[in-house]
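Here come two complexes built around subunit A, the first alongside subunit B, the second alongside subunit C.
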Partner chain A sequence: MNKRRKYIAWIFLAPSLILYLYFFVYPTIEAIRISFYKWSGFTVNMEFIGFKNFSKLISDDSFLAALKNTLLLLVIGGIGIFLLAFIFALLLGSGIKGKKLYRAVIFFPYIIAPVVHSIYWGLLVYNPRTGILNQLFNLLNIEILAKISFTDISHIFGSVLFVVIWVNVGFYLILLMAGIERIPPYLYEAARIEGATELQMFFKITLPLLREVLVIAIIFWGINAIKMFDLLYAFGGILPPRSLWTNAIYLYIVGFGKRDPIFQLGYASAIGVVTLLLVVIIAFIIRKLIRREIYEY
Partner chain B sequence: MNIDYDFLKSKARERQYMRVNKFSFRKLIIHAILIIWCTSIGMLLYFMITSSFKTNKTVFKQLWALPEKLSIVNFAKAWSNLNFGRYTFNSVFVVIISVILIIVISAPASYALTRMKMRFAQPMTFFYLAGMGIPIQLLFIPLFKIMASLNLVNTLPGLIIVYTALSIPFTVFLLTGFFISIPSELEDAAFIDGCNEFQAFFKVMVPMATPGIVTAAIFNFIGLWNEYMLALVFITGNENKTLSLGLYSLYSSLQYTSDWVSIFAGSVLVIIPTAIIFIILSEKLISGITMGAIK
Partner chain C sequence: MKKLFVWLLITTFVVSMAFMGIGCKKATETTTAETTTTAEAATTAAATETTAPATEKATGEPKTIVYWSLWNEQEPAAIVINKWIEEYKKVKPEITIKVVYVGREVMTKVMAARSGGEIVDLVDTENFSLKGSLVKEGLSLVMDKALDAPSYKGNSSWRDSFLAGTLKQYAADDGKVSIIPYDLITNGFIYNKKLWRDKGWTVPKTWDEFIALCETIKTTSDIASITQDAGVDFYNDMWNYQIMEKLVGPGRILAAAKDKTGNSWEDPAFKKAIEMERELFDKGYFVKGCDGFTWPAGQLLLASGEAAMELCGSWLPNELKSQVSNDFEWGTFPFPEIAGGVGKINDMESYLIGWAAFNDTKVGPEIVDFLKFCTTIENQNIFVDESWNMSTILGTKIPPAIQGLGEALLDSKALFSPHDGIPEELPDYHKNIYLKNHNLAFLGKITPDGYIKKMKEETIAYWKSK
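What follows is the complex of A and B.
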């Protein structure tokens, strides 16, 4: 019976495994291989050049700028998202009315298409001529902010970063709230009786007991931040300015760049491989940082 | 240590009572903060919807105003002249078939990985989940080559295959979370009653895992409906564009056309299905994320 079961398990697994292997795992390996070649895609000939694509990356200013943006998005975006998600989780957990409604509304942007966010924020909010933000600051008489052009090359990345945080907070809020709600309330009561302050309770009870959820949430953010494409790419209109490029966008531009076809497929793959390494390193760091034992309760 | 729960409870009640009176000002502030944030979200809908009923001449001059009349001329134009009708059909077709396929292949896999005591279950699960960490852009070039060799570039079935294959890791991640939490007694009872594995799966496990399957389906629907990056790579012709890609193309050709209101009408078309799902199913979705992601 058990033997039969093990054999049947593979039947259950087969359809997904075949698709996954052929359309996901195989291309991943193939991409790593291509990254060691010089290849334009038009010819069958691929010239093996070893690590040359990678050494070229180190001296490529566009790549370094993209890498910097990727890391900024990951770190600053992550800090913003988790800080706000924690604040909202505590505000919503303070026993106010309408908790579920607030939570649902804060989550709402997450289900809207990134290209719609790009249009809304790019055209109707940030754009100094057509958007509402500068009007709003003028109205409020905040001159310093009213003067800023938020779609200017020097500000556009910060502007997008805010949108990324604004869109994603709701999702991480849900994860954190679920984690917090699982913490038994008697721990807080006991702490209160001992005279702990709200802040102490947050750092001594909530945060340690949330570790497991936090690891999942941060890793989830990490891999999604590094992959992020849709919102940033559409934000710049026809071709995003270089100040918006991340690894994901730069890879697309180098490999497929429609307006200015370059088709450096080996080089583009090398960008992808570096990005993959980044994911591995980050997952490793997060695990190391938040390792320690998980509290049983 | 013995904890006197009754004492704690009465103490807690007392404190809560005190709080209600003492800190109502604090609550006011909390509501104010939350309302400001939520207003910024409401504004997206307000500006998108009102702008989609205006004209190119007036839209930016009277951004805050309500439209003078509710004429659907922008929608009609987007739908027929700008091909959004076609795009909508493509999106509905591609996304629905993809979601069905994703579930049909991922649910049995998740069941096998969690419940069938197969050998290598753990490394296999890790192997599936590792796909979540792969930056999708890395796959563009080899996957394009594979699709080209199968003559599936710029076809809707090709896009369906790409969507299905690339959604497997996340879906398996969500579903294994659900399958693992189903008590094994039910399964054992099914086997004692003479069910084989397939019957046990379809008659016992699938109904038990329905909340998870619904969550995974909604999540994939929303994700794929909104997605335009893969469509941008694998759809090269105008007639096969999905709605999100169509909207992106219209937006990126903006500087030649200046047809703003069509863009807003298109945006509203993109928003409608996910917004409806959200209104009907948001609580299910939220509890599903919670159960699936946090085991």
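What follows is the complex of A and C.
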């Protein structure tokens, strides 16, 4: 009977499995195959060049700069998001009034389209002449900050990174809060009776019991950060400035030619393959760093 | 049993993939075979077909041209194309034109569509993009025979309808013409005539006059002399290739890019061009903070009257027409001559948008006929009126908003390509080396000497990697 049920399960799984293999696994294999070719995408003629696309990546300054931005986004963005998400989660979990309202307000930026963010922040907040930020610094007489052009080529990445954190913190806050709310309150009550401080309770109870949720959240952020495209791309207006290029943007520019008819699909596929490897490595590292321990409560 | 089932699933998947692969291969083989025959047939037929009287109603079978355009549905150019199609339908009811307004990344989408087996016969986009893709890959329908045949009205050859140089500008290396240009964009300064009249400012003809004018604007008014969307690297490069063209003539940047030794970058003109650009920053002529503008923050200052002028493409008045006040009077003038330089004031940029057909199209003659119809003076004048852009067709109007640039363009003896023709010849070099380093130099992040050094080193490395 049990065996029969298993077969039935496989039969039900088969359609989605075939679709998954066809729409996700097959294109991935195809991308890996194409990465060994020189190909424009317009013709059927593909020239096999072995690992040349990959060796070219090593000496491609644009790719290395894009990779650096991707990693900065992943690490600095991740630290910012999770730090803020934890702070907000603890504040909101401390019995503050209007918890749902605050949570909704913090989550709100996440549901807004990236293009709207780019217009709002690019034209209204960061604009060096009329932007709210420079005007605020002028008003406060903080000349050193008022002089900064937040969207020039030296500062734009940092400015957009701030927006990325601001946009995403709400989503990860919801994830962490869901995890925190599952922790039984009696553990905190017992700790309080034992004289534990809030900080001790955070490190000894909250963090260990949140491990599973945290691993998923961090891996999720890792994947999102590495393939992030829309917000950064939209921020550039007509064309994303080089300082904002990530792997995903560079792949798009090289493969599909943004204004410039580059059309190097083989090379773009190599960038895609490297990005895929990056995701796998990061997921592996995160799982290794935050080792799985089972807590029963 | 379980293992068997899993293997069965995997086998099903692999077999289905294999079938798809064979299917694709067969499809591509068939397409390639057809390409050769239909390309020849289409070209031959095109030449024959276009000799027929233009007004004669076709009696052939119903045919459909699938046309993908770079315009967006709401844009003036798209509205005009719809009008042409509507009018053409009256003349040739048996021909259906299925137009898809794809937007600026049309070539990317065409690439994906054709890879998926979708038919696209005709495409319009920037000529440098067409040349860098369809023409370069040998996929475009050669139009020379059709061009030598009479135009739609039949009073001269179709080729003679075009402004001199616009057909040859994006011809293939062997001289064959595949791209039929219709939208003629140029580049120069855009300003508000009324504001300038009120302030007593006059159009400069030389670089010295231009600098003097900038100084006057800066010292006698509270508006910026020049606005610039400096967050866009290819907007910043307009200064460089215009200065270079006026200093040493067209083609010098492209030649340096092609020089595998990198030595051409030591030409003093390259350094001088950067120094001239930086002079504008150092003297405070560019609007303060422009290095941090995200497009369209810069051009909006021209519209609001906070800046006196902008160096930009002739599309700008059309782009800003809904942003300006009612008393705004559009004025334009070409890039001034530079003392000691070889370029004349009427050496103008020719930035073209045109059509190209795929050489595997089965409707070659119909495409040629439709394009001839679109390029009559009457139809092109509709385009000029609606889009505020110029047409490549001789005898068409100059849009009043860009009168100054239009007159210079028609008077031009030397047309040159945007960015000196690098995008279509060496697109990856253009993006990753030239624009990158020029932008750093333009914004003062590297010195003019540093720029030359970087260009030389990276040019050598680029060619070495090839």
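One rule holds for everything that comes next: the second predicted complex is superposed on the first by the 272 of 297 C-alpha atoms of A that agree within 3 Å, B and C clash if a C-alpha of one lies under 4 Å from a C-alpha of the other, contacts with A are read in each partner's own complex, and residues count from 1 in each chain.
Here is the rule we use: a contact is a pair of C-beta atoms (placed from the backbone, for glycine too) under 8 Å apart; a residue touches a chain by one contact, two chains touch by 3 or more.
As the structure is a prediction and not an experimental result, all values here were calculated from the model.
With the C-alpha superposition on subunit A as described, subunit C and subunit B clash in the combined arrangement. Of the two partner chains placed around the shared chain by superposition, neither subunit B nor subunit C is touched by A:71. In the superposed model, A:123 makes contact with both subunit B and subunit C.
When the shared chain is aligned, subunit C comes close enough to touch A:264, but subunit B does not. Contact with subunit B, but none with subunit C, is seen for A:192 once the two complexes are overlaid on the shared chain.
Contacts of A:153 after superposition on the shared chain: subunit C is touched, whereas subunit B is not.
Looking at the shared chain after the overlay, A:254 reaches subunit C, while subunit B stays out of its contact range.
In the superposition on chain A, contact is made by A:40 with subunit C only, not with subunit B. Residue contacts after overlaying the shared chain place A:241 against subunit C, while subunit B stays out of touching range. Looking at the superposition, the partner that touches the larger set of subunit A residues, subunit B or subunit C, turns out to be B.
Of the two partner chains placed by superposition, only subunit C is touched by A:62; subunit B is not. It is stretch 236-244 of subunit B, out of 110-118, 128-136, 182-190 or 236-244, that runs into subunit C when the two complexes are superposed.
On subunit A, the surface patch touched by subunit B in one complex and by subunit C in the other comprises residues 6, 10, 17, 22, 26, 41, 118, 123, 129, 237-239, 256. Against subunit A, the residues of subunit C that register as touching in their complex are 1-2, 5-6, 9, 12-13, 16-17, 28, 31-32, 104-105, 107-108, 111-112, 114-115, 128-129, 131-134, 136-139, 229, 231-234, 287-289, 291-297, 301, 423-424, 427-428, 430-432, 436, 439-440, 443, 445, 458, 461, 465. Within the complex, the subunit A residues that touch subunit B are 2, 5-6, 8-10, 12-13, 15-17, 19-20, 22-28, 30-31, 34, 41, 88, 91-92, 94-96, 98, 100, 102-109, 111-120, 123-124, 129-130, 132, 135, 166, 171, 174-175, 178-179, 182, 185-186, 189-190, 192-193, 212-213, 216, 220, 223, 226-227, 229-230, 233-234, 237-239, 247-248, 251-252, 255-256, 265, 268-269, 272-273, 275-276, 279-280, 283.
Contact residues on subunit B toward subunit A in their complex (touch as defined above): 3, 5, 8-9, 11-12, 15-16, 19, 26-27, 30-31, 33-34, 37-38, 40-44, 47-48, 51, 60, 63-64, 104-106, 108-109, 111-113, 116-119, 124, 128, 131-143, 145-146, 161-162, 164-166, 168-169, 172, 197-198, 201, 222, 225-229, 233, 244, 247-248, 251-255, 260, 263-264, 267, 270-271, 274-275, 277-278, 282-283, 286, 289-290, 293-294. Against subunit C, the residues of subunit A that register as touching in their complex are 3, 6-7, 10, 14, 17-18, 21-22, 26, 40-44, 56, 59-62, 118, 122-123, 126-129, 149-156, 235-239, 241-242, 253-254, 256-264.
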